[in-house]
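These are the structures in question, set out in turn.
Here come two complexes built around subunit A, the first alongside subunit B, the second alongside subunit C.
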Partner chain A sequence: MTGYVQSLDLACGALLVTAVVIVWRRRLSAIIRTFALQGTALAAIAAILAAHGHDPRLGAVAAGVLVLRAVALPWLLRRALGSGPDAGGRETRPLINVTASLLAVAALTMLAYAVSRPLTALDPSPAADAIPVGIAVTLSGFFVLVTRRRAVSQLAGFLLMDNGITATGFLTTADTGLLVELGVSLDVLLAVVVLRVLAGRMRDVFGDTDLDDLRELRD
Partner chain B sequence: MSRLGIAGGVIQVLVVTGGAPVLTGVMRQVRARLEGRAGPGLRQPWSDLRKLLRKEPVTPAGTGELFRVAPLVLLATTVVVAGVSPFVTTASAIGPAADLFAVVALLAMGTATLALAAIDTGTAFGGMGASREMTIMALVEPTLLMSVFALSVRAGSTNLSAIVTAVVRDPARVASPAGLLAAVALILVTIAETGRLPVDNPATHLELTMVHEAMILEYAGPDLAVVELASSMRLTVFLGLLVTLFVPWGIAVTAAPLALAAGTAAFAAKVTICGAALAAGEVFMAKLRLFRVPELLGGSFLLALLAVAASVFLGAA
Partner chain C sequence: MVTLLMAAPVLVPVCVAICYLLAGWRPLTAWLAPVSAALTLASALALAAVLPGSRAALDGLIRADRLTEFMLIVIGSVGLLATAATPAWLRGEIAAGRATTRTAARHSVLVQLFLAAMAAAVLAASLGVTWVAIEATTVATAFLVGQRRTRAAVEAAWKYVVICSAGIALALLGLLLLNAAAAHAGAGTGLDWARLAAAATRLNPAVTRIAVALLIVGFGTKAGLAPLHAWLPDAHGQAPAPVSALMSGVLLSVAFCAILRVTAIADLVLGTGFTRALLAVLGLGSLLVAASLLIRQRDYKRMLAYSSIEHMGVMALGAAAGGPLALAAVLLHMLGHGLAKGSLFVSAGRMLQATGTSRIDGVRGLASRLPLLAACTGAGVLALAGFPPFSLFASEIGIIRAGFATGLGGVTAAALILMIVITAALLAHTSRMLLGTDAAAGPAAGGGNGSSAGGAGASDVTAGLAPVVIALAACAVLGLYAGPLAGLLHSAAHTLTRTP
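Take a look at the complex of A and B:
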């Protein structure tokens, strides 16, 4: 029992730390590497819950999550980064500087803890205690999504948000249902493929993926 | 005030004062060897201190009492922290002074006094160094408080002795998210506060980048010796806090001579290993741009805050 609680807490801690590192780092290649680690942590959460509840279906979901989020999505992101002159480049000008972003994430984490109090109070268990972590990751993902300029960074923010939602799903419900999980995963995969193609096209046409340059219409 | 606390206090002051320059020597030697140099040897810092102490005291014209008192305040605060913190034994010589807030305030007082002395010299470098040091300190102190807080939540007390005793009784609690996050934050804080790479480079006097060296540029002779000794003792104290809070193995819980000897040996070994690892890491690191330092420290503050949050909310187990 203690081993279960401790490993679950560790996996949730890893999830939160990787989210912070994604906000912290500037190099997109480093962000993608951290993202793969986060996928592994997420799969670990599912695997730990599956082992605790003796649920083979959740175990299968964990394996699927590992393949999708630790291997496939980082690979697609790396492809989206391209091999041009700015391959592995930096997020040049985030709308909010890194120090302020980190403090904002701190505030968002506190907010997540505050709003999830009623949820954890419903059914106090080690998994329910970790719900704030999932919500905090979701909020930080949303924050990255709205404060970054380059398309790939925003993509990373979108995926961070999705990781948070998935983690919250695992932690709140004992059984999400294999079909729902499969549908959500395919949805995310499709969204990333489409965005990757879009980012590639944008880079081919404009030479950059700074979305702020796309505000005006020209003929 | 117990026998264990008094014995520990006396041993700690002696070990930290005598061992701190040796630790500096070890770190320089490790660095030199990894860079392919022969290195000056482990006793060089003590020889330097002896040489400086024999020199005639000189103070720059126009400086006041503060300039002369600052090295002693720095040394005195560090000695008090070295005496009261639970390094060798779990008990403290002066219980209330081993409180988290008292220890952090004492360490901050030393830094602030040295910065005031640097401003007192009226030189451009002194002011620059002081302003940089204050920028770093403003971010370091809250992080330091937060990261130890994360451990104190479970111990139910902000007294360092109580925290260490709780960790000794239940070593598994360090391997929780709160413990790991707090450890990373405390390592970053230690590096920043003791002026090591990548925040400050202790080996150079380059105008554009120096922080600590700029503050003590006007000191010479015995005053410089006191500042140097206090600086290396601060490094030892920070590393000591790090190892006793997170890996308190071998710490003495009884006043038996054998237990005290084992505690002293364990403390010396752990701090030396930590210092050597820090020096080895520095070889592979470049100094961070000064404007990037707040980013690093902001990150470590966030980690410390998350550690506190995790210990409160995940800590039900």
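Take a look at the complex of A and C:
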């Protein structure tokens, strides 16, 4: 039992730390590497819960998460970074500097603990106690999404948000049904593919993926 | 047989999409798309006629109740309008060199998948499948928005996918929390709409409150409601005209239908106060955004997009008022807005082809040059502004009366003032485009090239407008006499309020 709780807390801690690292680092290639690590931590959460609950189906989901989040999506992101003029680029000029961003993430984590009190109280268990971590990662992802200017960084923010939501889904330990899980994964994958293609097109027509150049449409 | 009728709105468009994938876009296959939409409409009408109550099929995967049937009628009728106008529009684009038959084939495949995803979203028996289908509409339409591959189109597509995916991700979080609450209640309901509603009293209120707020804001993104509406004017402005018609006329309503169902469950758990406050804030915010940005609008497609935000805001206020009468008015408003806005976007697409500009000040004296197009646009704008005999008049009156009757008097009065401002702005912009003399704009339209393209398009422009005339006529007839649809509207509203 203690081994289960410790390993679950370790995996959730890894999830939160990688989220902070993604907010902290500016080099896009480092962000993508951290993102792969986070995918592994997410798969570990699912695997630990599967082992604890003797749930082979959740074990299969964990394997799927590992393939999708730790291998396929980072690979897609790296391809998006690919051969353009900003290959190996840095993020660059975020709207909010790194120190302020880290403080914001700390504040968001506290906020996550505050708002998810009803959730942890709903069904007290080691997994439910970790739900605020999932919410904190989701909020950090939303924060990255709105404060970064590179297309690839925004994409990373979107995926961070999605990792947080998936972790929350695992930690509530309520089965959503295989069809919904498959559909959600497929939609996320397709959305990322679509965004990757659009980022490529943006590079073709704008010469860069700096979203500051997106000034054609406004009122 | 009923199972087949229920599955048809999803299966037929998927089959037609495969046909386009294999056969490409030809004069013959061009008419497959309207046939597919007509079949959707026919199966919706048949379901409404033969099916008295709610019925599940395909192992409980899909369910058709009265609300589903009504939403399928909306999808089918606006889909028929948009796809019937597509062949003429695509021919115009190909003639102008802005598209090839390959672009046309890809356009048709994606539009069919888009229609199938929307039908799946309203047919789904569970909230989870509805979420998957609504996110699938984002994926299907992303490349339709960016079809022209110009700077503006790619930018609009990027914003559209990022904002909608982030918003709908919030809804996913809400969905997971609601699922946790349902699992804790121990009713074994999963995310099935009907079973969630039946077990609603056992859901944990504190968790449900967080979940419902996330779901309403998340689906509200896709419905174009205020805080996360920023994608809408860009996407509607840049998408090809028939796609704008579908997005504005149906997609927003399909997302709003999910909000209505979430609200129905939330009201059983939390009482009506919570969703009423939330929806009233979102609705009033949308009206405020629309009014402030419509006054100085310079682009007529964006003008129509902001008008969509306004109408979604009005529907949100109707949903905030709640009750069978207000909800019936909201549903009628969905259909009327879909027909009127769909007609206007199709007309705007033809106007863009005829004049070569989407700027309001680039179009002058349309009434003297292209009288039929001008008449359609004028009638459509009058319908949007809520003038009788169009059905939007009846539904707006219904929503406003319900608002005053349920103690939302202050909010409704503010909304009424904003609606008057919006109407004035719409009429001012439109009259400048339709009336006046052509002489001033003629030379400014871009010399020989522009005017010859306009001249060549003139006869073609008129040819593609038959669906628009029929849709506007239907919208006017609905305002005077709803016929058997009135019964469907009221029983659909009753399925939401659970008072059969």
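The working rule: the second predicted complex is superposed on the first by the 214 of 219 C-alpha atoms of A that agree within 3 Å, B and C clash if a C-alpha of one lies under 4 Å from a C-alpha of the other, contacts with A are read in each partner's own complex, and residues count from 1 in each chain.
Here is the rule we use: a contact is a pair of C-beta atoms (placed from the backbone, for glycine too) under 8 Å apart; a residue touches a chain by one contact, two chains touch by 3 or more.
Bear in mind that the values here come from a model prediction, so they are computed numbers and not experimental data.
**Q** Based on the shared subunit A superposition, would you classify subunit B and subunit C as clashing or fitting together?
**A** fit
**Q** Return first, second, both or neither, reflecting whether A:Ala63 touches subunit B, subunit C, both chains, or no partner chain.
**A** neither
**Q** Specify the partner with more touching residues on subunit A, choosing between subunit B and subunit C.
**A** Larger number of subunit A residues touched: C.
**Q** Looking at the overlay, does A:Gly183 come into contact with subunit B only (first), subunit C only (second), both, or neither?
**A** After superposing on A, A:Gly183 lies in contact with subunit C but is clear of subunit B.
**Q** Just subunit B (first), just subunit C (second), both, or neither: which does A:Leu95 touch?
**A** After superposing on A, A:Leu95 lies clear of both subunit B and subunit C.
**Q** Scan A:Val194 for contacts with subunit B and subunit C and give back first, second, both or neither.
**A** Only subunit C is touched by A:Val194; subunit B is not.
**Q** Tell me which partner A:Thr172 touches in the superposition: subunit B (first), subunit C (second), both or neither.
**A** Only subunit C; A:Thr172 stays clear of subunit B.
**Q** Once chain A of both complexes is superposed, is A:Val205 in touch with subunit B (first), subunit C (second), both, or neither?
**A** A:Val205: touches subunit C, not subunit B.
**Q** First (subunit B), second (subunit C), both or neither: which does A:Val71 touch?
**A** A:Val71 sits against neither subunit B nor subunit C.
**Q** In degrees, to the nearest 10, note the angle that opens at the C-alpha centre of subunit A toward the centres of subunit B and subunit C.
**A** 150
**Q** Which partner does A:Ala106 reach: the first (subunit B), the second (subunit C), both, or neither?
**A** first
**Q** Check the superposed model and tell me the shortest C-alpha distance between subunit B and subunit C, rounded to whole Å.
**A** Nearest C-alpha atoms of the two chains are 19 Å apart.
**Q** Intersection of subunit A residues contacting subunit B with those contacting subunit C?
**A** Touching subunit B in the first complex and subunit C in the second, no residue of subunit A appears in both lists.
**Q** Tell me, which parts of subunit B touch subunit A in their complex?
**A** 172, 175-178, 180-181, 294-295, 298-299, 301-303, 305-306, 309-310, 313-314, 316-317
**Q** Going by the contact rule at the top, pick out the subunit C residues touching subunit A in the complex.
**A** Interface residues on subunit C, with respect to subunit A: 61, 126, 128-129, 131-132, 135-136, 138-139, 142-143, 146, 149-152, 154-159, 161-162, 165-166, 169, 172-173, 175-177, 179-184, 190-191, 204, 206-207, 209-210, 233-234, 237-238, 293, 296-297, 302.
**Q** Write out the stretch or stretches of subunit A touching subunit C in their complex.
**A** These residues of subunit A touch subunit C: 115, 118-119, 121-123, 135, 138, 142, 145, 151, 154, 158, 161-162, 165, 168-169, 172-177, 179-180, 183-184, 186-187, 190-191, 194-195, 197-199, 201-202, 205-206, 211, 214, 216-217, 219.
**Q** Across the complex, what residues on subunit A touch subunit B?
**A** The contact residues of subunit A facing subunit B are 2, 5-6, 9-10, 12-14, 16-17, 20, 24, 98-99, 102-103, 105-106, 109-110, 113, 120, 124, 126, 129-130, 132-133.
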